[in-house]
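This structure is in structure tokens; I'll ask about it shortly.
Order as written gives the chain letters A, B, C, D and E; numbering starts at 1 within each chain.
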Amino acid sequence: MTDASRTPLLEVRGLTTIFPTRAGPARVVDDVSFHVDEGECLGVVGESGSGKSITFLSVLGLVRPPGKVSAERMMFAGQDLLALGERARRAIRGRDIAITMQDALTALNPALTVATQITEVMLAHDRAGSMDEARAAAVEMMRLVGIPAAAKRLDDYPHQFSGGMRQRIMIATALACRPRLLIADEPTTALDVTIQAQVLELIAELRRELRMSVVLITHDLGVVVEQADRIMVMYAGQVVEEGAAREVIEDAAHPYTAGLLASMPSLDTLDRPIHPIRGQAPMPGPMPPLCRFLDRCERTTEACRKSVPLQPIGGGRASRCVWAEEVAHG
Amino acid sequence: MSGAVAMNAGVQSPLALGWLRLKQNPMAIGAAMVTLLIVAAAVLAPIIAPQDPNEADLFRRLQPPVWLGGEWAFPLGCDALGRDILSRLIYGARISILVGALVVLIASVVGILAGLAAGYLGGWVDRVITGLVDILLGFPYLIFAIGLMAMMGAGFQNIVLALVYKEWVVPCRIVRGETLAAREQEYVEAARALGASRGHVMLREILPNILSPVIVVATVRMAHVIILEASLSFLGLGVQPPTASWGSMVSEGREFLLDAWWVSTFPGIAILVLVMAINVFSQGLRDAFDPRMQE
Amino acid sequence: MRLGKFVERFIGLIPVLFGVSVIVFLMITLTPGDPVEIMLGDARSSPEQEAALRRDMGLDRPIHERFFLFIANALRGEFGLSFFHRRPVIDVIGERLPATIELTLVALVVALAIAIPLGVIAAVKRNSWLDRVATVGSLFGVSMPGFWFGILLILLFSVKLGWFPVSGRIGFSAEVRSVTGLLLIDTLIAGRLDSFWQALRHISLPALTLALPMAAVLMRVTRSSMIEVLRADYVLFAEAKGLAKARVIGLHALKNALIPTVTVAALETGSLLGGNMIVETVFGWPGLGRLVVEAIFSRNYPLVQAAVLLYAVTYVLLNFLADLIYTWLNPKVRL
Amino acid sequence: AAGELRVGFSQDAQTLDPANHRNRETETIIRNLCDGILTRDPAMKVVPDLAESIRQIDATTWEIKVRDGLKSHSGAPFTAADIKFNLDRLTKENAMGGQTSPRKSLLGPVTGSELVDARTVRVKLSAPWAILPAMLPFQEMVSEAHAKKVGDAALATSVDCVGPYKLVEWRRGDAVIIARDPGYYGGAAAIPPVGPAKPDRVIFKIIPENASRVAALLAGEVDIINELPPSAIKQVEASDKAKVMAVNGTRTFFLALNMAKKPFDDPRVRKALNHAVDRKLIIDRILAGKATALNGVMSPDAFAFNDKLPEYAYDPALAKTLLAEAGHPNGIELTIDTTGAFKSTAEAIAALLARSNIKAKVQVWEGAVLSPMWATAEKRAERDAYFTSWGNGALDPSDIMVPTLRTKGRGNFAGFSNAKVDALLDAAETETDQTKRAEMYKEAQAIVNAEAPWVFLWLPQDLYGVSKRLKGWQPSADSRINLHDASVD
Amino acid sequence: MAEMKPLLAVRAVTKHFTIRTSPVEWLMRVSPASLKAVAGVSFDVARGETLGLIGESGCGKSTLGRTVLNLHRADGGSVSFDGKEISAMPEAEFRPYRRRMQIIFQDPYASLNPRRSVAEIVGLPLRLHEGASARQAEEKAAEFLPRVGLSPEHLRRYPHQFSGGQRQRIGIARALILNPDFVVCDEPVSALDVSIQAQILELLMHFRQRYGLTFLFISHDLAVVGRIADRIAVMYLGEIVEIGPTAAILESPAHPYTRALLAVAPRLKRRAGTERVALKGDLPSPLDPPKGCRFHTRCPLAKPICATLAPTVTDLGTGHSVACHLHGGAS
């Protein structure tokens, strides 16, 4: 756990990303604020479409038109990302902030060798003086992520590797410049359980070894709880709950988080009946100024029929629920 | 479930959605209107054509269009036999459009059936059909058509046949590919699990899903076929005189390009406009019904 | 493995070629018309003389015999004598082939050189005015009947402006030793820049006429596949690595986007080879297409048969070449 | 290059072996490379070329005296032996590497030749044949030594003979490039000037497309074009670079009527058709006036032309009356068969027929289909009329009337069969007295005119587009392009 | 479970896929490569019971499920349903069984024909098996929809207008509208979000209870299977390595592979002492499975014998059996 008084590595405030849709502009990321401390692992949880990936693509400046990104504040290691030009932001991407994409099968270019894809990052950011140097570093990186016979497989193409291996190669690519922040977007979703464990293990190990900060995006609370220091729960483009990982799991302060926990079949709680959250998340599009969890929530009252802000509830935690206290202790 | 309320309201089939999207594309609508206009002109030819398209009068030979000193009765001038170019254009549209439409229609039906059978049934059916397709693809199109025309003789029916014999390969290949992909889809397996017959699976489950690329390609091919017919006519293998076809009009007129440019230029422009309109429309169709589809 | 696939392609070629032979043979023997009549022209001739001519042409044998003879000879690479040229078909075709190959290749290069950059720019700057211009231009390209367009080009550039010659392959002051048969290359080999320039001027208009519709199609294909590829995760990932825009588009995206372009280019080149007789006629280009059409009209059976077989082989080889290019573009696309 | 002459030509040569083709354009090209035994002067009179003289010894023997001191392109001497070699090659079965020359039939009853001495050769015939001299200009002679050296097959592309130009290069489909042979003896003594050809080089540039050929002329790329379409006359004349030259052709156009079929078996119907076509109008409008109206088969330039034939004047009223007399008061219907090239002319004829109550439809066929279809009475049983033409390069009735009008002739599409005409034609064939021959042919023409197996049409002029820079060139009626004296400045 | 005649009896079923040979290979008489997706699997499913089938991607779960339904024809062994051998029946004879045996698919997007309305999709079984007219089928479908949590007003809509969870409900309605006896659920919740997953699981359990359905429930998620299954079969590379009552499998797993699966499963509360031990390596290629025990290449407890000899099945009592050299002797 990190010292709260230190300035965070990444600090984002009021991040909003809007996509035009048929129904009108959709605030896919709506006024999201968060921070990641040096060396910390932030877990981001939420169901599909809740805006997890877009949030971090927005931070990297990778949202494509017609998507529009705005923020009140976006600081990375003392630099104001909002003030930087395209070139300067590109220089940060891959070098200081790296991302691994949701699906390794599609994120590696099928037409280029693994060597090309790893070395090009280093060459682009002057982390290697020559191709030979870059290749040597790439072999090193591949070894680090646990690819056997790395030197021999350098000139293979992605399809010649298994799913787990590809995930590792993507991680190796992301880590090639030893970034200070790794955004791991659902690194395990596409993988088999046995491989999932290997990859999670790998990220934890690398984090220790390279002393970097990690944002771990996932929809599986079980994954997060073992890795993350803090958890941020997203729902329909908003952060609904935030806090230290253990505390959130044990004492959810938002009905959505609580619902997620209750509906999760877990080997530990086989005897407990599951309680699904009814209904489903709203489709992206313009939303009325109401609590977005309104029609799925079991506690709905008149008080919920307004837009609810994310409120600190003490202990470094926050919840976007009128009934936060009651939920947490009820 | 309240969630569905948030979803696209209204009851819309993918087809209806496509129409909706198409209607919002002004280019495509414009192109459709142009095409319809030409079709209407063709259909109404006897009513709107100012002259008898076949009435020759050598005294009017190569008479220029009205703005170059011709007369209003023959607004676009006259051809080498003194026939009214405008009227011949209007009647000629019938040939271009009918050939285009018939060839593509017949070829699509044949191609779809063959493609479905090859893709879904596989085995020797597939081998025979793909073999035939490969063989036909080995023939250059125009040479094949010319050969067939030589074999069967000139005439409208034979043009259509000569083009169909090779054209069906195009939808067939597409349908086969799409069928192979659709066959692996779980909804096909679901229908099988429910005990649906092969015919049902092919015609009722797979066909509706592969129809939109076929339709898109059909329009593109129609444009193509119109040019092919014009090329055959250009080479003198077109319809029988005195019937006018745009291609044969260009062909006959090219001799006079230097001093009576209007004889072959107007039919040339007519082909260009019709083919372009069809192409624009098909692009609109593609965007509306099958955004991921590539040519 | 590669070699195996190679061999396999060639074995797969056999039934196709056999099928093509059967069809072309049937087509041509079922076609009414008599080459002997055409040969004799306006003259008296005795029935004996006609019979002799028929015998010389091998037309007196029954159909099945002619077919097996044709197949047997074709297997040995013999296609008999061209009725009208009275020389081996192979020679007659061989003389015309280089012109057609040269025209096709140049047209292909021109088409690709227009289509790929335009397609990429149109995709990257989607919905910009550049995209619209390119799209409208490509529509013109595919909608323009080639025979008409060619004549217009001649009228404008040759007759009115006098920039390009009307017809032929090269001027006649230049005598170039034939090495490859492709004049653009032969003139360079001979070190004759003036002749090269002449040849280039001669080929410009026909190549352009041929290339434009193809460029239009290829541009559209490139554009749409590029748009698709630009959406791919790996392009986003490449951007996330902080690579230069040029590298992301020119390498990561383009290399994948070219696959459909290559497919269509192979198909189109096949049809160019066979379909350029109209351009060859208009521009007096001494190629094979024109020869074949004339041969069909004059019922010159041996020539038509051999030429169509040649087209079929070329077509299959082109597609094979396209396959090879795929594996380079994207090794995942297996041969 | 100085003295280079370019001809925009509509077709490539099929071969350069003069004995191994049946193609007019091929011959035109070869004729500039190789001389024949005889040739024709601009007035179409047959004159000696390689020969010094020719005379008939008896009914079936002709003797040719060959010029002295002839040298082929390669410098080899050319003697009577070479002539014999060529005549035998042309007329003996299987004489060309196992094949028979396709030109054999052009030499009718010639069976071979015998050498008398180094300058004399005798032509042997199986039957008397008056038109031998008219037919000999069609055959060009090659060098025997060369032919034996390279072999029959190679003669297709390699040329050595006596002629004004020698072959430089044949770019198949593109051009035939020939250069002056300085050692040339000078050509027919009767056609001055005599001497080597003027241009250093001549290029036959192959441009099959009419519009392109005209464009090439107007762009100054070529100096002469053949087959100038009448429609381009105005254009060419308007240009300051080029002009039109015309010469009476040798091709007779006609509409053959299927006499075996009703109602064309009735001479009144056939005459009605003749009166229903306004030849003058079509010639004037479509052929730009460049044709001669005919009332019979023969060209006015040809031997034994009968200039006294009655004219079938354009007279729709008379046509209708004739039809009514024949039992068709409401007119008749017919289909005109023709090929693509003649489509619009045929349509014009059809349009004119309509004014005389004759509903004519044009049906276009491929040449390869059409002529066999009209070849025999059975095959044409259902056909009505055939719009076609027949060439008469020899300008002798024997060359056109026998195939087209004698019973069972190869070109007798009308199925015309008249015992008297047959007898006249047969007799004229062997008659050696040219005056008597002429009388016979004239009588035959009169019968044909009266019987009207065809709708007689016209004899178009051959049109050439010629650069104004060109000097010393005249088109000639046999479609040859003789470039012996031509030059450009 | 009560000892009675099983509804479904699978005996030594094998399913091979032949990888198509090229013409050259055919000429050279190379025998086509064969992929043993299912290699001799036997199990029973009693009426009313749910058998969970778990294993890694590509181990043959779906193939097994489809073979049981005759969607793939078994290459060896037999499948009996309700006492009748069905695996060799011609399709025509088997057709009546189709209404009694159904399947629910994993992919809610691919398993519904995008061009058919809900009425047509859900009504199709009625039309095929009851000869219902379009009207009748639609009426019946309208009656049935509320049972899967959809409303009749959804009938005229098309799949693209539904969320993943709703689509899965449509798929369930289609499978269950004819009231089948036996349903193969091929990962019906794997593609869904956690909150929706629970809804669907609940729905399935509700149906099972209400209609006494028998399930073959395929999943790769132990937690899900543990929740719904009475018994669990663990599959590895085409073979069943362990099978037994749910509690036994979860509490006392016998096969090292089962243990590894349990160990790596994400948990909210990690029990003391169950340190995550990741298995090494990937699933070997089914084209060329390891000799001996198929798991030995990744097994932390492998002995020399495992590499050479395939283990036989050992009965551990109470319906729990395992195929592993660690238990019982090898034959």
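Brief remarks on what is shown
In this text, a residue touches a chain if its C-beta (ideal position, glycine included) is under 8 Å from a C-beta of that chain, and two chains touch if they have at least 3 such contacts.
As the structure is a computational prediction, the values presented were derived from the model and not from experiment.
Both chain C and chain D are touched by B. Within the contact network of the assembly, the step distance from chain A to chain C comes to 1.
Chain centres here are Cα means. That of chain A falls 51 Å from that of chain B.
Per-chain Cα centroids separate chain B from chain D by 45 Å.
With centres defined as mean CA coordinates, chain E is found 32 Å away from chain A. The centroid of the Cα atoms in chain D and the matching centroid in chain E are 87 Å apart.
Residue positions 280-281, 283 of chain A each touch two or more of the other chains. Within chain E, contacts with two or more other chains are made by residues 163, 166. Shown for chain C are the residues that touch two or more other chains, namely 32-33, 151, 155, 159, 297. Residues 131-132, 134-135, 137-143, 146-148, 150-151, 153, 223, 227, 230-231, 234-235, 247, 250-251, 254, 257-258, 264, 268, 271-272, 275-276, 279-280, 283, 292, 294-295 of chain B are the ones touching chain C in the complex. Residues 1, 4, 6, 12, 14-15, 17, 20-24, 93, 99-100, 102, 104-106, 108, 153, 156-157, 168-169, 171-175, 177, 201, 203, 205-209, 211-213, 215-216, 218-219, 221, 366-369, 371-373, 375, 390-392, 399-400, 402-403, 409-411 of chain D are the ones that touch chain C when the two sit in their complex. Partner chain E is touched in their complex by these residues of chain A: 47-48, 162-165, 192-198, 201, 219-223, 225-226, 249, 259-270, 274-278, 280-281, 283.
Here chain E touches chain B in the complex through residues 66, 69, 71, 95, 98-99, 101-103, 105-107, 110-117, 124-125, 128-129, 149-151, 154, 156-158, 160-163, 166, 171, 174, going by the rule given at the top. Partner chain D is touched in their complex by these residues of chain C: 32-35, 37-46, 49, 52-53, 56, 84-87, 92, 95-96, 99, 151, 154-155, 158-159, 162, 165-169, 172-173, 175, 281-284, 286-287, 290-291, 297-299.
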